[in-house]
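These notes open a run of structures that come right after.
Next, two complexes with subunit A in common: one pairs it with subunit B, the other with subunit C.
The block that comes next holds the complex of A and B.
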């Protein structure tokens, strides 16, 4: 890997940006997400999260956490607004 | 000095304290901008504020925003793209005409648009829209970058930022603050600024001071990236009703829903929002999310086929009168509150840092404003 290696494909975040964020104090994948957008794209970190955790572990000498650093939230898979709205007429 | 809370308010305060050559430590229990400031929309609305002090503070804050990117040395994606409050039915037009008139009187550039003018500016909206209030003074910013930029700039002025550190007690002696106890040791400080937003009451309790800031929960839907869909930011007249309705008011829509619509620089739409009192419970049910989607697609049917990739939930720090608390505690010397901005934290973050400095230095400049932001007003109701 070099600094131009793409870590988050959805948001096109490169290793260099991740390392900058770590130098600025980021110690968790959530902090990296807030600072660089890694994990914010359409796959919601499903692809890059394990790599992010390994990078943090390698550069900050921490063990990889048992619980994932990125929280999951609704919806489990992308869902259109029409599907989410259903056919409710009350609002 | 210790600042508790690393959201837009705490980081703005820490930045101003460090810039004015004070020794500052910012303590955040999670990540910088990880709670309220990371689960909000991106609008800096002026016209949605009430005439009087709320609009005056928002205007002063907007003037600070104009040069903030240069000052902080980092892009915060600040843009003056204008803002629109969409009016869905003709029956709301009279109320909104009054709304526009009041704001013009307060010195704002707001105008009432008819259906055609509204749709010409926002072609993605439904043709049943009656009109809109529009102001080119409204702007937008990326709140994630805003708190990061304040924190980084504070560090350049010598501030120390400690994340993943929780304050567990405020240490006082003879009615004065002497330090804070954290999960990572004790820190001596004669001044502590409580900028913990929706958690500020818990911090205040450690000193025995009663502070009633309640968490008002909001949920926002985040879509996949799409081509530019809107110009500036959009609210609807129901949002204004929900925002300013006193609790117990009969006019609050179900789940406190009103549209807030913005688009990030990358193309994701942020679609909000709800307003509910549910304690610190982040588990928002599908009923609320479905209601937000239903309301949004009624106003902008073109959204029907756009995919939601995530939802986010946060707590607005609610004081009850639409104004934050920025004050020194009378009973505990050195304990300062800068919290309770509810949904106006992004708009008011820059000015809040200046107000705290003004408070500390006992300046004349903002005295009239600070008088109205006092803690005691909560007990006078």
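The block that comes next holds the complex of A and C.
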């Protein structure tokens, strides 16, 4: 794949940046996320996570099942503070 | 608001479960992010050899009517941002639903295949093209090419053609770090065997049948004509790939090059073809973020499509009261999802004490899931059965090694 190919659309991270991070020692998709912001955007990795896992597996010679995936944190979908508060009185 | 069961996702699995549990007398809510319930059923439209046309939107409509008549509370256009013990379901309008039983039936998401230029306007996932065409009744483009040869891309190609879109060709993706078997003609021929009985073209049918024989598979990949084989009048290419999607502000053309029987590009020579839309089909993976946020244990099983929540034969996860059904458990068709939904609905009703012979009903529902799997017209994952067995083994090991759940 060309190094200019975009991998994470939300954060506009290109393959070249991902490969730099791997050359600098990243071995998991979590490490890639912390190093490059890939998977940290509004879709939270829903589009690029499988691709990141395949890239990591390919370049670090590991099986995908041996590398941990991205972790999911609350809130799992983007929401505004207004939505979060809503009409709730118990917050 | 408190419910006996909160179902997340109003697709075939979630709706079946909600109906089953409500019929047994449970107080059920079903939450969906879309304005119209039915999930992926809404876009499904294909011909089955034995039973005729499968019109997903009609089936969805019947299920919605059924659920409403049984008093299921249907929340539309709502997203869930969190799930906290034991169990609080947080909606993005600030509302909170409380329940002891949750069914996560969030389905699947599409796997991307990055190709040079894949982020340009006019490039979309194959599922988006399907929804646009069959549900919104909007043509995704005037002249379309499809990247990715699999059961889903072939059926969407047919649907696009029926809608009057010019489908200029179906191509395997270029061989890259992430394309794995998807760009290897031999592997593609093997994959097509899963739908050989649906293929309208004699050569494709023969290729599908031959795929189980290793030598014939190799010969078929080598001898596949460079101009493609027409399927429903659409050129299906195995010996050419698309290396780039080009255009200044949006898709204007694709760059095509020849590949050998293993998917390697033969020479640097490329040709261009003018198109205004490119659909990419990279397969599906289980969409499981809510199960993960709830703290469920996961296993990675390639044959099921990726990371899936570990679950029991009754579809309960490692978190007490959290169940899963449908594509979140592995990529299969709508009929299997519906049977799984009925199983989850039955298991939850039984636990609520609403069924007289609960264990019999559960066994019956389990048999129905197996039947639906055995009779599936299209198999999305080639080795689904072995994937299911692997998961059952993982569950078994998990039960043996852990003293309790929670």
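Going forward, the second predicted complex is superposed on the first by the 82 of 91 C-alpha atoms of A that agree within 3 Å, B and C clash if a C-alpha of one lies under 4 Å from a C-alpha of the other, contacts with A are read in each partner's own complex, and residues count from 1 in each chain.
Definition applied: a contact is a pair of C-beta atoms (placed from the backbone, for glycine too) under 8 Å apart; a residue touches a chain by one contact, two chains touch by 3 or more.
In this text, all values refer to a predicted model and were calculated from it rather than measured experimentally.
After superposition on subunit A, the partners subunit B and subunit C are seen to fit next to each other with no clash. Contacts of A:24 after superposition on the shared chain: subunit B is touched, whereas subunit C is not. Put subunit B and subunit C next to each other and count what each touches on subunit A; the higher total goes to C. With subunit A as vertex, the superposed Cα centres of subunit B and subunit C define an angle of 150 degrees, given in steps of 10. Once the two complexes are overlaid on the shared chain, A:11 sits against subunit B while remaining clear of subunit C.
Once chain A of one complex is fitted onto chain A of the other, the partner contacts of A:75 extend to both subunit B and subunit C.
When both complexes are overlaid on chain A, the residue A:44 reaches subunit B and subunit C alike. Contacts of A:84 after superposition: both subunit B and subunit C are touched. Applying the stated contact rule after C-alpha superposition, one finds that A:34 touches subunit B and leaves subunit C untouched. Closest approach of subunit B to subunit C, taken over C-alpha atoms in the A-based superposition, is 6 Å. 44, 73-75, 79, 84-86, 88 are the residues of subunit A that lie in the contact sets of both subunit B and subunit C, per the superposition on chain A.
Per the touch definition, subunit A reaches subunit B in the complex via residues 11, 24-25, 27-28, 30-31, 34-35, 37, 41-42, 44, 73-75, 78-82, 84-86, 88, 90-91.
In the complex of the two chains, the subunit A residues touching subunit C come out as 1-2, 4-7, 9, 15, 44, 46-48, 50-51, 54-55, 58-59, 64-65, 69, 71-77, 79, 83-88.
Chain contact summary for the complex, subunit B toward subunit A: residues 30-34, 38, 144, 148, 152, 161, 163-164, 221, 223-225, 253-254, 257, 266, 271, 284, 286, 289-291, 293-298, 303-313. For subunit C in complex with subunit A, the residues that touch the partner chain are 79-82, 84, 90, 92-96, 109, 111-112, 114-116, 118-119, 176-178, 180, 282, 285, 287, 289-290, 292-293, 298-302, 306-307.
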